[in-house]
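Multiple structures are listed underneath, in structure tokens.
Look for chain A in each of the two complexes below; its partner is chain B in the first and chain C in the second.
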Partner chain A sequence: MGGTSSKLPKDLLSEYQELTFLTKQEILMAHKIFSELQDRENGLYSSRVSMEKILTLPELKSNPFRKRICHVFSTSDMKDGSLSFEDFLDLLSAFSDSATLEIKSHYAFRIFDFDDDGTLDARDLEKLVNSLTGETDDTRLTGEEMRQLISNILEESDIDKDGTVNLSEFQHVISRSPDFVSSFKIVL
Partner chain B sequence: MPRHKLIASESDVSIEVDVGKDNEFSLYYVEVEENSQGGQEKQTTRDGKRRRERNGEVSRRRASEKRTTEVDTKRAEKKHEKRHKTARKEGEKHEKRQRRKNADEEEAEEESNKEKKNIKNERTKTLRRDDEKEKDVKKKRKKHVKNEEDNANSGKTKQKDCHDMPLKEKKKKRKKPETTSESESKSESDSAPESKDNQAVGVLGSLTPEELEKLKEAVDERKKLIATMRGKPWPMKKKLVVLRESQEFVEKYEGALGKGKGRKLYAYKVMIMKKWMKFQRDFENFKTACIPWEMKIKEIESHFGSSVASYFIFLRWMYGINMILFGLTFGLVMVPEALMGKPYGSIPRKTVPREEEASAMNFAILWDFGGYAKYSVLFYGYYNSQRAIGWLKFRLPLSYFLVGVGTVAYSYMVVIRTMARNANEEGGGDDTSFNFSWKTFTSWDYLIGNPETADNKFASITTSFKEAIVEEQESRKDDNIHLTRFLRVLANFLVLCCLAGSGYLIYFVVRRSQKFALLGLENYGWWERNEVNMVMSLLGMFCPMLFDVISTLENYHPRVALQWQLGRIFALFLGNLYTFIIALMDAIQLKRAEEEIVKKNMTIWQANLYNGTVPDNSTAPPITVHPADIPRGPCWETMVGQEFVRLIISDTMTTYITLLIGDFLRAVLVRFLNNCWCWDLEYGFPSYSEFDVSGNVLGLIFNQGMIWMGAFYAPCLPALNLLRLHVSMYLQCWAVMCCNVPQERVFKASGSNNFYMAMLLVILFLSTLPAIYTIVSIPPSFDCGPFSGKTRMFDVIQETLESDFPAWFGKMFSYASNPGLVLPFLLLLVLAIYYLQSTSKTYKRVNMELKKKLQTQNEENKKKNKLAALKAANELEQARKAGEQRSSSASDLGVNEESSSIDEAGHHRQAGQNGRFIHPSQSQHTQNSEPPVSSTHTTTRPPASRGHTSSGHLPGHPQQPQKNSHSNRR
Partner chain C sequence: MRRMSVFPQHGTALGNLGLTANEIRQETENNTSELVSDLVNLSARARFQAIQSLHMPFNEKKTIRNRVNSVKLSKTILAADCRQQVSQSFRRFRASLASARQHLIIWQGTLKEIGGRFGTSVLSYFLFLKWLLKFNLFSLIINFCFITIPQIVHAPNISSITGFRGLELLTGVGYFNQTVLFYGGYNGEVIVSKPAYNMQLAYFFTVAAYLVLCGVSLIYSMSRSFQKNFVLETGPVSGGAWRLLCSWDFSVVNAKAIQYNKNNLAIQLKESLSERLQEKNKMSLSDRIKHLSLHLLAWLLSLGLALGSGAGIYFLGTDPELAFSFNHDPSDLGAEASTLLLPVVVSLINLIVPLLYSLISKIESYSNPRAKIYISIVRNVILKMSILGILCFYWLNFFPDNISCWESFVGQSVYRLLIIDFIFCLLGIFFGEFLRNVIGAMCIQSLGVPEFDIARNVLDLIYAQTLAWIGIYFSPLLPVMQVLKLFIIFYMKKISLSMNCQPPKHTGRATQIQTVFIALLFFPSFVGALSMVAFTVWSLKPSDQCGPFQGLDTPFHIIFSWTDSLPENHWVGWIFENILRSELFYYLISLIVLVITYFLWQITQGRKQLIKTLREGIVNEGNDKAFLLNKLQNLQKERREMASYRPQDFDQTPHFNPNWMNTLPLDM
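This part shows the complex of A and B:
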């Protein structure tokens, strides 16, 4: 244990276990990884790790939503997407295997809500689709296709027909999906 | 902590709260508010001793908000001094920030309160009163915990708590009772809390068991909250605060709960519970630590996505099952026989016959599981029929039989249980009403951590989008349907030909091998000896490729094509397996005929042996003959076991060799020849191979089927399989990582899990059929195996019942097993199945109806919402025209209240929707009119009540009351 335990007191560890869907090993692992990221922050030591550092993690590197994920889980006052260790644990907990559908869908919604306005409107959806189809031009959808796609999505999911998908509508859709829980996972 | 830091954090918070976009604020407003409340409560209790002081503060604050900040800071400092030294720095800091936020919120709150003059002022008053009273309580409680009166008091407050809790959001169950009352006073009408408060004051002096009960309930609620906290989407800070508070609460009151004698017991119980929880958690940790290959699978997951990883998870699952099977056969059959049974060479069945002795140690023979391997615990024939062996009086034949049955029963249980669990998880996964939404919201696989895979995934998502759009646009264009039909029929015909051909080939080969066996295998080479297995393996290797080619004729959608392909391979494997079994049955008949001859010869041989001596003189010492020289029957059971073992071995070998040649060699060639080749090998023809998930899973399933089939006659099979799976795990992991490329056509992992399981179940059933048939209908060999000498294998049960159990038990058993009882029982079972089936059908129908109802409900809601929104907009417009600039914000509120009250009169559930519809236009309105009075940011912020109602109703439950509608958004 040595260094790890000195940094992560036992009672805090048990509290973390209580509050997340992670096991003890996972928390310790997360702590190790997090401290490594911290140490790379040359010079001054801070309790937060900047978004750039977090995004160097291989688990997040190729994720098209990596920046959104950081922003959603960050409790930083600066809105810079930097994560404290607790934020990091929150992230891992939400993406862990045993997290409930409810919490996963909640965070998924916030990740997809690019402008943080509490609903997924057409612009959010467009951004979302663009993130899914990748950055290169040849995989992009044309404007016509995009329009069609978004109108289809809204037709399906927008139950109250206000032109946006809100959280409960989103959760309604997600809860029937067979794949969501198994794919909305990040394992360290 | 120095003061300036506090101030800095305060400013931080104000930035967060105020500078943030209006919309955003309205979304997360409630959360912030909750936060602040939490902090506030905590603070209140902690500062219980300083009640008077704080009361002063409160009044002061009410007088001027400007000073509040200062006061709060002071308070914070005091509190800080008071704080425990061991408190963690981090927690402290964030708690303080919370408090700052809280102060800020209070400020804002009060400003808005001021604006909403009449009602809101009263509310504030109630709030304060609440605060004060609670502080009273808290103070007393702290001073003398033992005082029951205090308990009564708190019990009373708790009671209130409990009543409200179920209705409210769990979140509001805060540590201190005041929270609930506070939030309650906020969200409900103002008179109610007041009266409740009065009640609380009235009962303050008495304690009844009822109230104790309430307190207990409250404690239980806390506990539940602690247990469910991890499922709440709050930031960790908040969770930590709430957790600590709840734990404190529970600790404090749990001990005080029991009275007199009960108290000790209760405390003891609580302690045990705590220990138990801890143990459970540790055990959970231990369990996850024991799961093997987690890292390997994770790595594959990140490179190839969840579909490839699902194969390895399936493999691991299989490994687990085989581990159990192995444990059973090894522990209860092989080890007892090896340790306690008669040693090798003591009786004929445990000795290598004389004519085989010379070659019994040859590697080729051993590899073929002949020679010494054949006469060992690995096979059925070695076991002795002695009823009880060793000093333990271990009933080996019985154990052998029960283990055979038990392995199958266990497998059934596990497979069916897993299937049921999967079915649960899948829910209504097959309805396609959210096709596009699912594609958008759930298609990304967050496990992917490899750029190349990510690119593939991007491409496949794009394709699926485009496909879906095209499909949507032109629902179906049938160009030359006749040609397609003809091609499909042709393809199926070809496939059938292939299947029949392969079946015949196997039958032919098996018959030929029997001929070889009759003539003596020694005269033939390796090929003749291993012909059957090789042919089966080769067919299993090449036929799927052929099917793949044929399926291009059909022009199906990839998903459908994949299913066809899987179905065909399944049929092929099954056909091969069954041809093999039928051929084996023939072999069994041959052996039994041979056995008859041997039996006859045996008597002649015996007569020859006792030649000259008087056979009926039993006292004469028997002539000792070495067991190797005694003639013996062919023992068909061992033969069957051997066949299966050989099959498994050759199957394993082919799998590994295919892996090495097909994947590794190909990858090496492509990689290194690419530099000196005329076309691009990496992207051109050979390319790297993809990992064939479905084919591999099928292979695994069939392999398992063979294990189930053969395990009864060769107890070593589970062990062999375990070895094979273990090696497979490492070899395939390595092969996948080093020579495969991520799939282009992604086969969804979760949807197919139950498909695989269903196949496994079918295979399990089909493989137990022949095993059961042989056990039940063919008499065991007369001179080998644990059941030798009996007419049927299951007679061992009868024998045990007669000799090991009291007579009445046997009688009862025979009564129970007579047809008169069994048949009604079967009938009952059938009836039960029928009943369950029809109930499930009914449920399904009810479900469908409910779905329909929901849809119509939603339609209705939509209309009403539109109407309500229109009305509200109209009224807003009027108010805007009527109101001067000065009172614009106030009139705004009035309109909102009015409209919601109208709504409530009509439909309660509309409130949430309504609020949401009003909100945007209203805030826009406020911005447009730019009220000069509200120069501060707080006026543009929607008041708390609207913050609550800003979410829509849950589509699935449109009738839920308003309170629940905001619980959904957290």
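This part shows the complex of A and C:
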């Protein structure tokens, strides 16, 4: 994949269609956008685009979870959040219209797991609530409210009562929120 | 199928158990080969979907797929390979069909833009509008093809008494009176052509088929929406915290909108926290009585307003000055314009009384903001349906006896109501949103930018659609107007939205409210229209001088004469006589449905019990794991202490994560 306007070969295209939830148009559009990001990368040609470049996309620019999203979908060995084209397609596929609830909830769990330990403990939940509420002082939750909120959340979803929310419990609580599937969407 | 969902990247959780790198590799290799063997045993289509739904990075999915394919290849023979080719090409064809369909979807880009700026709840209004547009378009097409075209082609009888004046567009009379726009423009001849085309049967069956299809489609959407959104709520009472967090809208891309959503979410979280705290404080008895009496007062006022509006419309309609004066003198423009008075009054009531309702609801105090929305929806629906009910009653009781060609007259009244409602809607956009935005932004800052009130707008749409459904029988080409109206309203609302409004503050439970709207579209709206049309067809005498059913006792008698005219022992006649007209059939059907309902209810009860037992089982399992963890920790401690005495006997134990238990699958 080099050059300014390279076309995607047909067999690669059908492979991408087979292994992701994206349609042909979506894959071609993603390829176009990704090539533009690559071209503006100064320096040597590399197949990965750095996290800073990815975060200039309008769809991700103001998303509160943009850095976590890049880290979760990145397969780079250096753990720097850079995405190859396949990682980019994985991202779009998980956020697409036709992705199943299980895929979305799995990736949502990994995005919300700020310390990457496989469970959502009280610290992860606190970071989650803080990213979703404003940063200004009057919209931030006070310490007391945060404690109350986290204990409400755990009471609602912690079935085995161990103080953390694991993947199964998360998926169970997600299945009872019908808004989730329609909100967990990013379309180019 | 075995879930590969557990281990995060490269089995890091296993690393916490104190295993060496080789053992980790062995374990992941075992998992992979189990996954491959599972996949190989599935059918082609299920395998394709399963591979697509694996949550692994792309390259790992590719490796798995290649391994599965190589295993399959070594197992299959040539004939099965052909079958695989066929299924693959079929799959590609289906994918290309889906992408072609995407092109045909209208307004795709616009809807995405609206969703990106205002979120999914405002988007649901526009999707509802698009859905109603589909209904009307379908009705237009079948009415046009099956009724209007034969009428125009074979029996053009446009005898225009008066020329075309501009006022027709508003009142629907005069020039339009004898055209195919209304019932009176059709006659019920049997068109003599190669296959004899019976216009009466065509008219009857087209309208009936359309209404039945509408009903089926509504019931289907309603049940699917209900199933998705009102899932069984067992377990601890959901305070709604997770629901609020999970409803974060990732599709919003505008930075200001995201900031706005964050502020809203913070406010909603704080509200729900204080709600929980308040539930714990019980109200005193005198407070409760006070609240209850305020609620009662508000309800009495609302119902009184609704009744008053209904009575007012009734007396206005039966006022002999206004009612039939036009009928006698077609060239009197003034009398014709006065027929517009009733629709204008109806639209004014529809505009003002909801505002009064929102004022009334300010005196009440609600424990739950959602209850407030639902109660205001119920009151508005009662108002609108009582107005429509009074109008239908008035039309069906007075017109048939006093006016010749009364069906056309009813059609014209519906037409007038729809047009005036449309004009008021446009005026409402201009005054309600544009001017208020100007006032709020420049003159009185504290008033603020107007919010996009989803409930009010959707109820307006439902009201207009009810009118359209009532009018289908009396005016087959009415959907033309409805389609044009919906198109124009879509674009006007979109422009007004981007220029003037801000998104609504309470965004939670968008899908639940959508279910309520679909249910409202079905129950008072469609069922009411259907019952009115059914009453007309079943028991009212059609007018003698015009329309396709002249001379019959009721329009339904057309079916009797048709079955009589069929040859003896024809299967349609047999079904009609012995099944549809016999009471025994309906008794049997009701009995069977009741029995099935009882069985299903029992099954639901059993499942609830099962869920409760399983939950308790999970808690017990959690306790067991905690116990085992403690034991393991003690063992590890002992090992380490002994290692400090004799270091050469023991390997280095890596760092131990006490939470490793949580990373194992919960096999339920």
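As a convention for this text, the second predicted complex is superposed on the first by the 181 of 188 C-alpha atoms of A that agree within 3 Å, B and C clash if a C-alpha of one lies under 4 Å from a C-alpha of the other, contacts with A are read in each partner's own complex, and residues count from 1 in each chain.
Heads up, the rule we're going with is that a residue touches a chain if its C-beta (ideal position, glycine included) is under 8 Å from a C-beta of that chain, and two chains touch if they have at least 3 such contacts.
It should be emphasised that the depicted structure is a prediction, and the values quoted were computed from it without experimental measurement.
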{"item": "Clash or fit (per the criteria above) of chain B with chain C on chain A", "value": "clash"}
{"item": "Which of chain B and chain C A:Ser47 touches, first, second, both or neither", "value": "first"}
{"item": "First (chain B), second (chain C), both or neither touched by A:Gly118", "value": "both"}
{"item": "Which superposed partner A:Leu55 touches (first chain B, second chain C, both, neither)", "value": "neither"}
{"item": "Touched partner set for A:Ser168, first chain B, second chain C, both or neither", "value": "both"}
{"item": "Touching partner for A:Leu12 - first (chain B), second (chain C), both, neither", "value": "first"}
{"item": "Partner chain in contact with A:Ile33 - chain B first, chain C second, else both or neither", "value": "neither"}
{"item": "Partner chain(s) touched by A:Asp77 [first = chain B, second = chain C, both, neither]", "value": "first"}
{"item": "Residue range of chain B overlapping chain C upon superposition on chain A, of 8-16, 458-466, 602-610 or 620-628", "value": "458-466"}
{"item": "Doubly contacted chain A residues - partners chain C and chain B", "value": "14-15, 17-21, 23-25, 58-59, 61-64, 75, 86-87, 89-90, 94-95, 100, 102-103, 106-108, 116-118, 128-129, 132-134, 139-141, 145, 148-149, 152-153, 156-157, 159-162, 166-169, 173-180, 182-187"}
{"item": "List of chain B residues in touch with chain A within their complex", "value": "12-13, 15-16, 21, 23-24, 26-28, 88, 90, 226, 229-233, 235-237, 239-240, 243-244, 278, 281-282, 284-285, 288-289, 298, 301-302, 306, 425-429, 431, 433-438, 440-451, 453-455, 458-459, 461-462, 465-466, 468-469, 472-473, 748-751, 858, 861-862, 865, 913, 916-917, 950-956, 965, 968-970"}
{"item": "Chain C residues touching chain A - in the complex, by the definition given at the top", "value": "5-6, 8, 12-13, 48, 51-53, 55, 57-59, 61-62, 65, 92, 95-96, 98-99, 102, 112, 120, 228-229, 231, 233, 235-236, 238-239, 241-243, 245-251, 253-255, 258-259, 262-263, 265-267, 269-270, 273, 276-277, 508-512, 615, 618-619, 621-623, 625-626, 657, 659, 661-663, 665-666, 668"}
{"item": "Chain C partner contacts - residues on chain A that touch it in the complex", "value": "14-15, 17-21, 23-25, 58-59, 61-64, 73, 75, 86-87, 89-90, 94-95, 100, 102-103, 106-108, 110, 116-119, 121, 128-129, 132-134, 139-141, 145, 148-149, 152-153, 155-157, 159-162, 164, 166-169, 173-180, 182-187"}
{"item": "Chain A to chain B touching residues, read off their complex", "value": "9, 12, 14-15, 17-21, 23-25, 47, 58-65, 75, 77, 86-87, 89-90, 93-95, 99-100, 102-103, 106-108, 112, 116-118, 125, 128-129, 132-134, 136, 139-141, 145, 148-149, 152-153, 156-157, 159-162, 166-187"}
